[in-house]
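Right after this note come the structures.
Two complexes, one shared chain (subunit A), two partners (subunit B, subunit C).
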Partner chain A sequence: MILQTVFIGLFGIAAIWFAVVVFRTHSMVRSALALLFSQAALGAMFLAMQAEFLGVLQIMMMATEMSIMAIFMVMFMMDPGGLGGMDMTHQKRGSQAAGVIGAFAALGVAFLAGWGSPAATVPGPQEQLRGLGLDLMERSMLIFETAGVTILAAMIAATAVALATRSATKQEGNDE
Partner chain B sequence: MTTVLVIVALLVGAYLVAVLESWTSTGRLSFASPLLAGLALVGRESLVPRKSDRIFFEVGPVLLLVSAVLAAAVLPLSPGLIITDLTTGALFVNAALAYVMVALLMAGWGPDGAYAMVGGFRFLGQLVGYSMPIVMAIVGVAMRAESLVTTQIVESQVTLPNAVYQPVGFMIFFVAAMAVCFLPPFDLPTAPGELAGGVMAEYTGWRLAVMRLARAVLVVTLAASVTVFYLGGWNGPVLPPWAWTAVKTLAVAAVMLVAGRYVPRLREEHLLAWYWKFAIPLALLNILYVGIVLIAGSSSSMSM
Partner chain C sequence: MMPLYIALAVGAIMFGVGLYGALSQTNLVMIMMGVEVMLGGALVNLVAFWRFLHPTAYPGQTFFLIIMTVMALDMAVGFGVGTARFRARGSVEMEEARELKG
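Moving on, here comes the complex of A and B:
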């Protein structure tokens, strides 16, 4: 139990550290990979909490998700390799305010919510898998379907925005 | 003990894959060439390019090797001969293989070279193509076995291997597996003759040796996963179980290596178009097909 808590804490600190690195680097690829490692550390936290399926899923999905994010970054930043100098921070005043408010909100939830006592026993991995499957097909189906369709719509919209329109291409041609 | 055995098996497999690969490119079957080439590489100086991203440059090849070995850790070579029999084994294979992309992106970005970088980003695009079909194909396998445990997946194929039970899923998985280990015609990140080695272009000496070893191990891992998921793993008459796994894995690796010789390298956008417009719908149909067969099978056995 103590060892488990120590590991959860260590992975948690690693997740926060890599999240800080995301904004401290000046390279697109470094910041994308730091984000990936931050999320993979969350996956490791799941594993430390004996949620095997969620942990493995998190570690897998984040690598794929990060790649899709990187492609959108390439599309929007006009800097395919991230070779130019860049800064991950912008609108500093507003983001500082948002960060402080967000941090207090998260801490408030962490300390004020009634979490109940820790679970005495953990169901086996097989049992967890079954439970998750049933939950996905019953109670949580609508939530996941809504989230999935929303993300898909956002991705299609982002692609449409990034596509060169015919008039924009024509203008470029005239400039040359 | 099991871990040592599996790693020795992987190394022997990687050696044989290297022999086969040199045969597909030179036409000569030389059993000493991989060893000699490896020794020569280790003896040479390993250059670090100027202004390289040192962390990514060093981590790339090692992460490639680690992800290939981790994926192999959940694949059973014979009953009991498996490093760890995870409850989420079939998912874990994908989780480990997702980091092949991360490793190649690092190796592409790290050395600060144009060819390497293009190669790294190409593999990123390749992953967007193959990752969905490969997972969807595994869903069909897991549906039949009613489990994600790899040993149970092998046991579910005692009567009929999945390659016959769901041939469409088998073809999708096979092609996607070739894309994961960037074999021709999917060798976009290395693309000899066009990108001059791509992600491997800036690596020399022992670092290149690690990278080549990692790639060979990756081919063995993917061939073994095709064997476990679709060819019935260790099941087979007469020969002992481990021999069946070895024979099937080597046969799959040989087919993967030889098939690429006769197909021209695909272009990135064609590859993505084929995967998204053709392979993903087919994989979804395969899931539907397996579902119908399973329900029909269970209802007919109930009525009997």
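Moving on, here comes the complex of A and C:
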């Protein structure tokens, strides 16, 4: 239990540190990589909490997602390397106040609520997967199916929004 | 009890950092990164509650999968909007998108 606590704490500090780095660096690519490391540290934290499937899923999903994010950063930004040192922030004081208040409110709930006694043991990975599979296919099936349909709708919507309209293509041709 | 409190504290601080990022950044992709950090904080709380309070009940893990779906959708739709905006104006700076305000 002591070793588990130490690892949860270490990975948690790493996740917070890299999350802060995301918004402190001027380089977009570094921001994307810092977010990748932050989310991977969360995945490692889940592994330390004995949620093997969720930990591996988190690391795999985030590695892909952040790689795509870095590619879009390079595509969209004039200065993806951050060499120009341009500042891309606004309303800093208000944002800092909102962040601090949000964090303290969540900390207050976490430490002041009575959560009851913690469970000492947890089912093994096989039993966890079996339980999750049964839950997905029985009790939470409607939610799971809704998520699937939502993904399909979002994919179609994102593609439709991103496609060039005929007038925009014509305009680009005229510009060239 | 200690590991539960550590995990909840990590989740709360991640939420605060993400909220700061989402509100302070002017670039669309950076705003999405802030939202991702906030959702990461929510994921930590879900796993901590499942592990330390209800390890034999699996709706918590199902909810984890739903939030992960939301993270992917947020990225897909956000980049769709970003691409459309970049085509139209050549930038994804949200300071320049004031005309979107109703």
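As a convention for this text, the second predicted complex is superposed on the first by the 113 of 176 C-alpha atoms of A that agree within 3 Å, B and C clash if a C-alpha of one lies under 4 Å from a C-alpha of the other, contacts with A are read in each partner's own complex, and residues count from 1 in each chain.
Definition applied: a residue touches a chain if its C-beta (ideal position, glycine included) is under 8 Å from a C-beta of that chain, and two chains touch if they have at least 3 such contacts.
All of these numbers come straight from a predicted model, not from anything done at the bench.
A.B. asks: After lining up the shared chain so the two structures overlap, which partner does A:Leu57 touch, if you call subunit B first and subunit C second: first, second, both or neither?
C.D. replies: So A:Leu57 meets both subunit B and subunit C here.
A.B. asks: Name the chain, either subunit B or subunit C, that contacts more residues of subunit A.
C.D. replies: C
A.B. asks: Just to be sure I read the superposition right, which of the two partners does A:Leu10 touch: subunit B = first, subunit C = second, or both, or neither?
C.D. replies: A:Leu10 contacts neither subunit B nor subunit C.
A.B. asks: When the two structures are overlaid on chain A, which partner does A:Ser27 contact: first (subunit B), second (subunit C), both, or neither?
C.D. replies: first
A.B. asks: Does subunit B (first) or subunit C (second) touch A:Gln126, or do both, or does neither?
C.D. replies: A:Gln126 sits against subunit B, while subunit C stays out of touch.
A.B. asks: With the two structures laid over each other on chain A, which partner does A:Ile68 touch: subunit B (first), subunit C (second), both, or neither?
C.D. replies: After superposition on chain A, A:Ile68 lies in contact with both partners, subunit B and subunit C.
A.B. asks: Where does A:Ile143 make contact in the superposed view: on subunit B (first), on subunit C (second), on both, or on neither?
C.D. replies: second
A.B. asks: Check whether A:Leu36 is in contact with subunit B, with subunit C, with both or with neither, and answer first, second, both or neither.
C.D. replies: A:Leu36: touches subunit B, not subunit C.
A.B. asks: Which residues of subunit A are in contact with subunit B in one complex and with subunit C in the other?
C.D. replies: 53, 57, 68
A.B. asks: Residues of subunit C touching subunit A in their complex?
C.D. replies: Touching subunit A from subunit C are residues 1-21, 23-30, 32-34, 36-37, 40-41, 43-44, 47-48, 50-56, 58-59, 61-62, 64-66, 68-69, 71-73, 75-77, 79-84, 86-88, 91-93, 95.
A.B. asks: Under the touch definition given earlier, write down the residues of subunit A that touch subunit B in their complex.
C.D. replies: Touch residues, subunit A against subunit B: 27, 29-30, 33, 36, 52-53, 56-57, 59-60, 63-64, 66-68, 70-71, 74, 80-81, 124-126, 129.
A.B. asks: List the residues on subunit B that touch subunit A in their complex, please.
C.D. replies: Residues 53, 56, 86-88, 91-92, 94-95, 98-99, 101-102, 105-106, 109, 117, 121, 124-125, 127-128, 131, 148.
A.B. asks: Can you tell me which positions in subunit A touch subunit C when the two form their complex?
C.D. replies: 1, 4-5, 8-9, 12-13, 15-16, 19-20, 22-23, 28, 31-32, 35, 38-39, 42, 45-46, 49-51, 53-54, 57-58, 61, 65, 68-69, 72-73, 75-77, 88-92, 94-96, 98-100, 102-104, 106-107, 110-111, 115-119, 121-123, 128, 131-132, 134-136, 139-140, 143-144, 147, 150-151, 154-155, 157-162, 164, 168
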